[in-house]
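Next come two complexes built around chain A: one with chain B, the other with chain C.
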Partner chain A sequence: MSENIYIFSNGELKRKQNTIYFEVKDGNHKYLPVENIREIHLFGEVILNKDALEFLSQKEIILHFYNYYGYYVGSFYPREHYNSGYILLKQVEHYLDFEKRRYLALKFVEGAISNIITVLSYYRRKGINLESLDKINALYQNLFYQNTIEEIMAIEGKVREIYYSEFNKIIENKEFIMDKRSKKPPENQINALISFGNSLLYSYILSEIYKTHLDPRIGYLHATNFRRFTLNLDIAEIFKPIIVDRVIFYITNKNMLSSRDFEEKLNGIYLKESGRKIFISKIEEKLRTTVFYKKLGKNVSYRRLIRMELYKLEKHLIGDEKYYPLISEW
Partner chain B sequence: MCGLLNINMAYVNGTLIASYFICKRELWFMAHELTPDQDNSFLELGRFIEEDYYKREEKGFIVGEMKIDIVKQGDENVIIGEIKKSSRSELTGIMQLSYYLMRLKEIGIIAKGEVLIPKERKKIPVELTKEIEEKLRKAIEEIQMIIMEPFPPKLEKIPYCTHCAYREFCWS
Partner chain C sequence: MYVIMVYDINEERVNKVLKVGRKYLTWVQNSVLEGEITEAKFEKLKIEIKEIINPEEDSVIFYIFRTTKYTEREILGIEKNKKDNMFL
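Moving on to the complex of A and B:
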């Protein structure tokens, strides 16, 4: 069973006795079980040398870096090990052919909105008055008449705006009031949670892409801009409501966080280390939660659902099976 | 023709022969370098068995596009061995070895084969017969046809799916 390692302390990460070793600045140290690590998330100030990077590359371990504010900075993506020129060509073909690209962009947004509806419907069943669901349903119907990627994205933007405005009704703790979604910087605690959660989700998906033949640089909804990874952003749209947002509702409604877990910096609100640790432990729990997958005939974790979403995309690209996004029924 | 692949006789290797007798869909994936999930526990177990047994023998011989697990000198002829996890893959092992024997014969080497199932302490001798050779020629022809198809063969639930590293790919 492979696990994710999160490093908050400052120190040095090195190769030692054929495994990975983390030396904390204050003199403490810890051996990390290299065979069981899937990825390492670095939040602290960490010193690394090439020897360590080479070793991590050999063990196919991805490093995800976050800045002081908990924002995703980038990843050390070891030399691709599942290379398939065939899949790469197919990925490009589906990007360059506009109709093919539109199909995928539409499906990602369809998944995103459907899952938003699933989440909202759950709270409506619990007795919360969420009248915006009808508005979202109407926008969802409209989605299929949009011709350009920009129009598709605009529908998604509108749905999200309405959706976020409902957060105040879902989150009972009035310490967490959300006026509007703000990113750079997040202006309140909920925005800080959303930004942090999305950052984590992007890196988890990137790690899963690494285990497939897909190239993370070619996305369909988020334009490929030749520099950064975009496919993980596309896939994240589907999973944000059912992974990140649900974790946010859970930890706020269970009063697991308070304003002491946040801090104000550079006119923005950010999660402190204490808050990040709580968030990470809950999102990890979510990723390990299993649900029954009918077609496969067995239980799979949310983490695995991400991988399977990528498999579905690969199958679509090679013309085996048309891609339909995961629409959560639970 | 999909135009992306240039396939000729030399492209057919032992793995493709084995896949042909297990699942034609797997065969198509393998030929397109769509390697299966390397974290799959059954694959890991297979790799472990291959490494852990027959430590005294020389392993991993590459002859052309063939990768032969074990080669040793018998009383008369050279013996080549193929290591398998369980008797479930006995038949595929036989066909795979027969293919190697056939290719070796073409370059003038007469050898014998053994399917080795260390966990069950089984050793199945394999000799190239006229019938098997005929079967293999037909298989090679058909393999090339399948590979050249633009799409993989349709999904089909077979007993092999349970232990297959493509399981989640196919059934996602």
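Moving on to the complex of A and C:
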């Protein structure tokens, strides 16, 4: 049961007495149990030295950095400890061979759309009129006839557009209105929530990738480039609807957030610290929630499901078992 | 599982026990630490502590809970260390 730590205060993070020590600017301090930390998310202005980084690296703790607006900046990704040249070669092989790459890209989008349908069907059963579900279903059928990665992405884009347009019907609180998806900057509160939630999910998945042999630099749906990790973006597509979006519906419909938890900066709307804390604690709760997983015959948490998705991908790459995305049944 | 660690150690060694305990659990007040821990980590913690203490003089007690569902925590006076340690 390792935990994530979120640092919002300004201060200094050090190694002290073989554990992690955080000293807040106002003089408060706290020892953190190093054996029990999985990752640290830094939102505040934190000072670190090499000694601390060395120690974190040794303990295999990942640091995720966010800027003032809550955007993901980067991670301190300690030296790979599961260094597998074999898997790396296989990953590259599946990227360079177009048919193999297309298969994986298609599966990620298939998972994403299926899970969007699951989420929408739930609200339809609750009596909300979601006529676009049929349109999404039609696009989903079409997906399997697409040849290029761009076409696959285009279908996904269209589905997402229709899906986001239904948010207003699902979110009962009229304080939150979704017009269209806008990023950089998010133009309204729902967009701010989606952006923040997605960036958290990307970093959670990156942390899970770290614990497997996979290399996060090689993604299949998102083209590999010089700039960023892409495999976590691919996997995130599958989990966004069932983790991030569900948490957004939950906290808005339960009135856990109000316009006081947002602020306007740089012509965009961003979550304030109070809002971020509420959102993070709910998303953490979600990750710990367990669901019954038929194939294993036992309950597993959402975080575990992410890891299992990566293991499935590893198996596919080494030719053990074909990869099928997680399609939520609950 | 959830563990509460309470200790009474000779002054010569008390600091060493505290140092080890802090790696695994959260300090709550003098001679008391608590926190969520896996079974394997708990075994590691016990081994590390056994190496330090003198079984003739020192005493360490662990209260072990499978979950904290049925427990409640009440504080009188000051709370020396806030329990909610996910946010800093």
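Heads up, the rule we're going with is that the second predicted complex is superposed on the first by the 330 of 330 C-alpha atoms of A that agree within 3 Å, B and C clash if a C-alpha of one lies under 4 Å from a C-alpha of the other, contacts with A are read in each partner's own complex, and residues count from 1 in each chain.
By definition in this document, contacts are C-beta pairs under 8 Å (C-beta built on N, C-alpha and C of every residue); 3 or more make two chains touch, one makes a residue touch a chain.
A quick note: this is a predicted structure, and the numbers were derived from the prediction, not measured.
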| item | value |
| --- | --- |
| Combined model on chain A: chain C and chain B, fit or clash | fit |
| Touching partner for A:Asn18 - first (chain B), second (chain C), both, neither | second |
| A:Ala138 touches, of chain B and chain C: first, second, both or neither? | neither |
| Chain B versus chain C as contact partner of A:Gly85, first or second or both or neither | first |
| Partner chain in contact with A:Ile5 - chain B first, chain C second, else both or neither | second |
| Partner chain in contact with A:Glu284 - chain B first, chain C second, else both or neither | second |
| Partner chain in contact with A:Glu35 - chain B first, chain C second, else both or neither | second |
| Spatial angle chain C-chain A-chain B, Cα centroids [nearest 10 degrees] | 60 |
| Least Cα gap, in Å, left between chain B and chain C after the two complexes are fitted on chain A | 5 |
| On chain A, the residue positions that both chain B and chain C contact, one per complex | 2 |
| In the complex, chain A residues that touch chain B | 2, 81-87, 89, 211, 213, 293, 295-297, 300, 304, 307-309, 311-312, 314-315, 318-321 |
| Complex contacts: residues of chain A adjacent to chain C | 1-9, 11, 17-19, 22, 24, 30-36, 277, 280-281, 284 |
| Touching residues (chain side chain C, partner chain A) in the complex | 19, 22-27, 35-38, 41, 44-45, 81, 85-88 |
| Contact set on chain B toward chain A in their complex | 4-5, 32-35, 37-39, 150-152, 155, 167-169, 171-172 |
